[in-house]
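Reading through the structure tokens given below for one structure.
Order of writing sets the chain letters: A, B, C, D, E and F. Residues in each chain are counted from 1.
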Amino acid sequence: MDTLTLKSSIIHFLKEDLGSGDITSQAIFPPDTPGKASFVAKTDFICAGMEIAAEVFKTRIPHLQYESSEDGRSVKVGEEVFTCKGPVLELLQAERVALNIVQHLCGIATLTNSFVQNVSDLPVKIVDTRKTTPGLRTLEKYAVRVGGGYNHRFNLADGIMIKDNHIAACGSISEAVNRVRQHAPHTLKIEVETEDIDQVQQCLEAKVDIIMLDNMPPELMKKAVTVINKRALVEASGGVNLMNIREIAETGVDIISIGALTHSAPSSDISMKLSTQTP
Amino acid sequence: MDTLTLKSSIIHFLKEDLGSGDITSQAIFPPDTPGKASFVAKTDFICAGMEIAAEVFKTRIPHLQYESSEDGRSVKVGEEVFTCKGPVLELLQAERVALNIVQHLCGIATLTNSFVQNVSDLPVKIVDTRKTTPGLRTLEKYAVRVGGGYNHRFNLADGIMIKDNHIAACGSISEAVNRVRQHAPHTLKIEVETEDIDQVQQCLEAKVDIIMLDNMPPELMKKAVTVINKRALVEASGGVNLMNIREIAETGVDIISIGALTHSAPSSDISMKLSTQTP
Amino acid sequence: MDTLTLKSSIIHFLKEDLGSGDITSQAIFPPDTPGKASFVAKTDFICAGMEIAAEVFKTRIPHLQYESSEDGRSVKVGEEVFTCKGPVLELLQAERVALNIVQHLCGIATLTNSFVQNVSDLPVKIVDTRKTTPGLRTLEKYAVRVGGGYNHRFNLADGIMIKDNHIAACGSISEAVNRVRQHAPHTLKIEVETEDIDQVQQCLEAKVDIIMLDNMPPELMKKAVTVINKRALVEASGGVNLMNIREIAETGVDIISIGALTHSAPSSDISMKLSTQTP
Amino acid sequence: MDTLTLKSSIIHFLKEDLGSGDITSQAIFPPDTPGKASFVAKTDFICAGMEIAAEVFKTRIPHLQYESSEDGRSVKVGEEVFTCKGPVLELLQAERVALNIVQHLCGIATLTNSFVQNVSDLPVKIVDTRKTTPGLRTLEKYAVRVGGGYNHRFNLADGIMIKDNHIAACGSISEAVNRVRQHAPHTLKIEVETEDIDQVQQCLEAKVDIIMLDNMPPELMKKAVTVINKRALVEASGGVNLMNIREIAETGVDIISIGALTHSAPSSDISMKLSTQTP
Amino acid sequence: MDTLTLKSSIIHFLKEDLGSGDITSQAIFPPDTPGKASFVAKTDFICAGMEIAAEVFKTRIPHLQYESSEDGRSVKVGEEVFTCKGPVLELLQAERVALNIVQHLCGIATLTNSFVQNVSDLPVKIVDTRKTTPGLRTLEKYAVRVGGGYNHRFNLADGIMIKDNHIAACGSISEAVNRVRQHAPHTLKIEVETEDIDQVQQCLEAKVDIIMLDNMPPELMKKAVTVINKRALVEASGGVNLMNIREIAETGVDIISIGALTHSAPSSDISMKLSTQTP
Amino acid sequence: MDTLTLKSSIIHFLKEDLGSGDITSQAIFPPDTPGKASFVAKTDFICAGMEIAAEVFKTRIPHLQYESSEDGRSVKVGEEVFTCKGPVLELLQAERVALNIVQHLCGIATLTNSFVQNVSDLPVKIVDTRKTTPGLRTLEKYAVRVGGGYNHRFNLADGIMIKDNHIAACGSISEAVNRVRQHAPHTLKIEVETEDIDQVQQCLEAKVDIIMLDNMPPELMKKAVTVINKRALVEASGGVNLMNIREIAETGVDIISIGALTHSAPSSDISMKLSTQTP
């Protein structure tokens, strides 16, 4: 959540929503009418992204006064999660972008937290994937952490993942691992996607760091975990949902990665109340 | 879906996913290994965004050969919706961004279509809102059209919407409408958000073009429609879902706007199959 | 005149004028010599854009102290319209860009005001067009408003204008209007360009919102106004100048659009006086 | 007129005019309807910027076929100056930006040419200034050359101009020249602004390369030219117009700089004719 | 060396060198004079970056014909390493940027190769650091690979490096490692900087993946290697030069990182010969 | 060293080094732990670029408190040249970029100063060339000035340099000079590259402002200086190093240009000490 990177995105988002100007509000409010805005929860959710909302408003109101709920907190319907003061005209022009972001991030944190709570008594990490909304990856991965999850690699450069096509092109897992060891920075672990126990065995021989069990049925996962026997991290992936997460976690895998955290979390419902103030 | 605007977004998205490079694939594939990629449906959905996928691949493969399913078509699980050819290295580096976009757009088109089908025998339009994902508004609004919906305003400049805060600041609906008429281009219609029949009456007196019925119960909507009697377009908004859409539509409103179309549509499941080709 | 959008333009303009640096002033002034700059009118004009000038100086002098004449005021030769303080080096490096902008905007406001004054006793609005200087549309349209004019659509998305080519492609005005009604957001009015009374009649049948009379002689305009009889807004366009504006206005049209407001207004003459100050 | 720099400006201009899309044309034209566009002169002018128009259309139509009148040619009303082919939808979306640019550039070339013709029998160069439209300097200075004029410095870095404030800060012209000689690249000539013969004398003693006579009456210019006696280039500046240009030129100055060339040239009138073609 | 990222950098570099245009060449060459350019070695070096040179020229000459020496090849003085054809004007405007890049990259590859050759019989990898030229990291790290070296992490996100300040803030190496394990993606190895054997022991207890020996004298390194005994990768860092590299390598470390590869490699001398061609 | 231009470069550099975030430091430091950073000299050098370092830190720490050594000062090993305060997390994320810049600029200033000291008793200027690192030209040319050198042209637009290819294309030096005089702004001097006395003579006849002696042996330079006899500035160029600079200077040339100043200066060694503070 580096503000450096965030600022140019926010300006881009604000321009998208503003077009050539807020025709309605400009006609009605003089530039200096003071106001106060509050974000109010219309459903329960895990709070995420309130500092991002603050950054959106700061882009328009340089010395913004604001208060915000702490990210990660469990919020009940009716609670205020963010309040700030500034010219009404600026508040209205930031409203939609700020809401669109926090509703999305709270949605992700809330869904992530459902998965996390489901397996909280087991030694397993819930992680995200690269199946994120284009342009929002850093924010969405932040929301996953807020919800109690962990992050998988951020992009193609900060994690090595050898998949079926890579293996096929090399002829074998060991050859694929060798080529990658020759090329990649030594700071990155090597992860290989496997479909059966034979591939798992090849991974162990090639001394890979992480073995992904791709779309395996739980009983096969269990067997793979036994075979691997702590010699590599074990990641389960594919078709994970709230119905089967517990069964998967109980196979003993270390990590479960879930694309739905970021690509299918419904938005949390939040609305902005605005009051005009006497200065 | 103007390609001019699209191209810089796509480059931004590709850089987000690429970071300092696809370490894994660069270690394994020489730059000129030819391949063929297919997008395969893993669920049923309404096809949307295939030309955007093509633009993503074109960014990396200048003279791309591709075939794609027509947007708007109802796709069944197992069907190929997009195929293209090019260097494997380029295909892999475009894969995730292309999939993330089309899965999202197909999800929106599919959800929109569910709403549209529900009321297809009634003279009502399903429209979206400004509750879109930051950075993706144009694409998401395109997907709504593909799904059979219509678009509400794209940004704060191409539609006038007088809300409760505007009315409060002016003292009355008529004063708010007057101020806007003085300021806004004559090319824009004036829409006013109302909460009760009294406000609807004020709108009619002020000769507004569109009256939004905000979060009214269906019986009140019905009454409002009768009062308005074709003197303005009538838009229903707030809390619309697949359970209540029909009841709302039957009140006789002209337009129903639904934020969930763009902010809560789950992603459609699509995967990319890759085959290496002899040149 | 949203500052968000403005700032990146101003930086672009300053870089254009600066190149790799103000070689002359850097050789002569130490970075901290304080100074005071005044913009002085060399002719009479309508003041426009002084806050934009302030934004230009603020880009270089973060906590700028300045005073400026109110936009819209009628300024006489010799008056100071803007004064600010800051390091001489920064003042000199902002001078030319700030002057180039305000001279241009004052020119537009002044020309617009001449048209407006000419017909001030008639119920007609003077509006601009899309014939603006590339990159400066928002600023130029602001200057038109300052001069007492109104704005036509800002871009191709926030107004519908059906022209001869559109009509020809559809076969008839009614078909063109139908296609647009199917596609466009319901928040936009529909305007159609007409050349004769027959087309005006077709517009009325198609219930368009605005009828543009394109390059019609005044007597034909008068007839069109009578035919339309308040059933649509009437806009006159084409070849309007200070000699014929009154005759056109007297035909009873509601709106007169004039490209020359923005594409042919001569610059108002303003110069910057600089004095070095003891801190 | 480097295309590298031009392209990003053109994209910026097109986005400004397009907003979220050409709602009207998209509703009416399928993306592949072929058409032909012609730019037709509605007044006489000097042709300038036709390759820029081509670049605008190329941004939307990659392999554009076009023909254009040569820049610098004297065009008569009714002539076609530019024709191109492509999808109607793309032609319409490029039309306004292309016209806005060429009308502006033809206006500048035409005005410049009037000045140049006025003194064509005298050994004097007409040059522009930095009083250009922000964002368009390179294009406007190109149009000045097309009209027969020459360019003064492009920005603060590629020419040294010592003005009254610089002189005042240094105490004398010679000290100002010394400081600049110590600091500036040896590739740049040194120009000094003077107000009277005494300052001209000081310039000669300091061996400056160019002496600007700022707002001097013609008789004083004549005297200055005699005093300078070819020991430096002589530039006349300030208040030059078509009425006094000849008198100024006859004083024997080498160069006359005129801000109005770029800041007050009225746009040349050009319109686009569009015909739909069978492919 | 992803072309996507490269292109915008190259355009930025070309604009830096071009300013408002190549005044000299534009005065002399018509835009279509054909020419041929050759890059000729003025010293011996390892060839690196020829495809980047090609990208520079392609930015100006769309369908460039070129031939280039293979990166990694040992080039002798007088050899041609790159030739291409195109308009002389475009060749001259790309020349300096292309040369500045390849001279720098060849310099880095050559210096890297000197280090690599020095220890080519030992099982040690030479790697770079983050001490790169701002804006050129990806290119410089590519040149290191061309010279036979390997890459350390590309940025702060794709490698974990716990340094003295991190350890001090946590109180102990084990606490620092714990905190990082809780926060960081599981795809990244953990590297810790150590100054003495005690810290090395703590690293082994914390099961870190990579132990950096920071500025240790060779005898201490040797001892550390023995203590570690293959339980972690060992990286030597600090003050490495061509005089001491062999002694360091002989301590048995796995990796030697050297900042000088990228921050102090002298440029290889290459010049461009240009010949004008008959078309 | 205009901060306007600098800021966007610094943000670009920081993003390059940050990637998707400083994984290590974010895991360890809370955002508000205060700290103090000092840059300490590890070798002797001429200090250059400390204000740039400050700008880097300011990008992350808005109201930065800092102290810095004056640029141009001769610094001894062990001295602190820059100190600042701020959150440790921000200091660590700015560290590498700030150091990479100042180490490079101090290296350039130091090498430049060696050349300058060598000929400090002679009336000759040491100047740089366009052989700079892409993206860093303005900063590198600043460092040359700090080291006591002067700047040659910044880009192709702010100096005229007629080279062998230009001459060949025109048939003669005089024709090349004529064409340039017709085209170029009158504010620029004309420099011509020569290889022998005959060409020098042609330059004198064409009254060029600067004659470059390209790769001439010292005795030939001496002869050229005599022939020119103050009628033009004389610049020596090609193969200049610390061994031959004095001999070249003694030929009487006015200017010696040296590419190595910017393309081959080894980085000065500077490290950052960080201490955590109680607030």
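Keep this in mind: contacts are C-beta pairs under 8 Å (C-beta built on N, C-alpha and C of every residue); 3 or more make two chains touch, one makes a residue touch a chain.
Just so it is clear, the structure is predicted and the values come from calculations on it, not from any experiment.
Looking at chain E and chain F, the chains in contact with each of them are A, B, C, D. Chain centres were defined as the mean of their Cα atoms; on that basis the chain farthest from chain C turns out to be E.
For the touching copies chain D and chain F, the fraction of interface residue numbers used by both exceeds half; the interface is of the same-residue type. Comparing chain pairs B-E and A-D by the number of C-beta pairs in contact, the larger count belongs to B-E. For the pair chain A and chain C, the distance between mean C-alpha positions equals 44 Å. Distance between chain centres (mean CA atoms), chain B to chain F: 52 Å.
Those residues of chain A in touch with two or more other chains are numbered 18-21, 93, 137, 154-155, 157-158, 160-161, 185, 188.
Chain contact topology: the protein chains form a complete graph, every chain touching every other one. By the touch rule above, chain A contacts chain F in their complex via residues 1-2, 4-5, 137-138, 154-155, 157-158.
Those residues of chain C that touch chain D in the complex are listed here as 9, 12-13, 16-29, 33, 88, 92-93, 96-97, 99-101, 103-104, 107, 130-137, 154-158, 160-163, 165-166, 168-170, 176, 179-180, 182-185, 188, 259-260, 263-264, 266-267, 274, 276. Those residues of chain F that touch chain A in the shared complex are 11, 14-15, 18-21, 59-60, 93.
Chain contact summary for the complex, chain A toward chain D: residues 19-20. Residues 125, 127, 150-154, 157-161, 185-189, 191, 209-210, 233, 235, 254-255 of chain A touch chain E in their complex.
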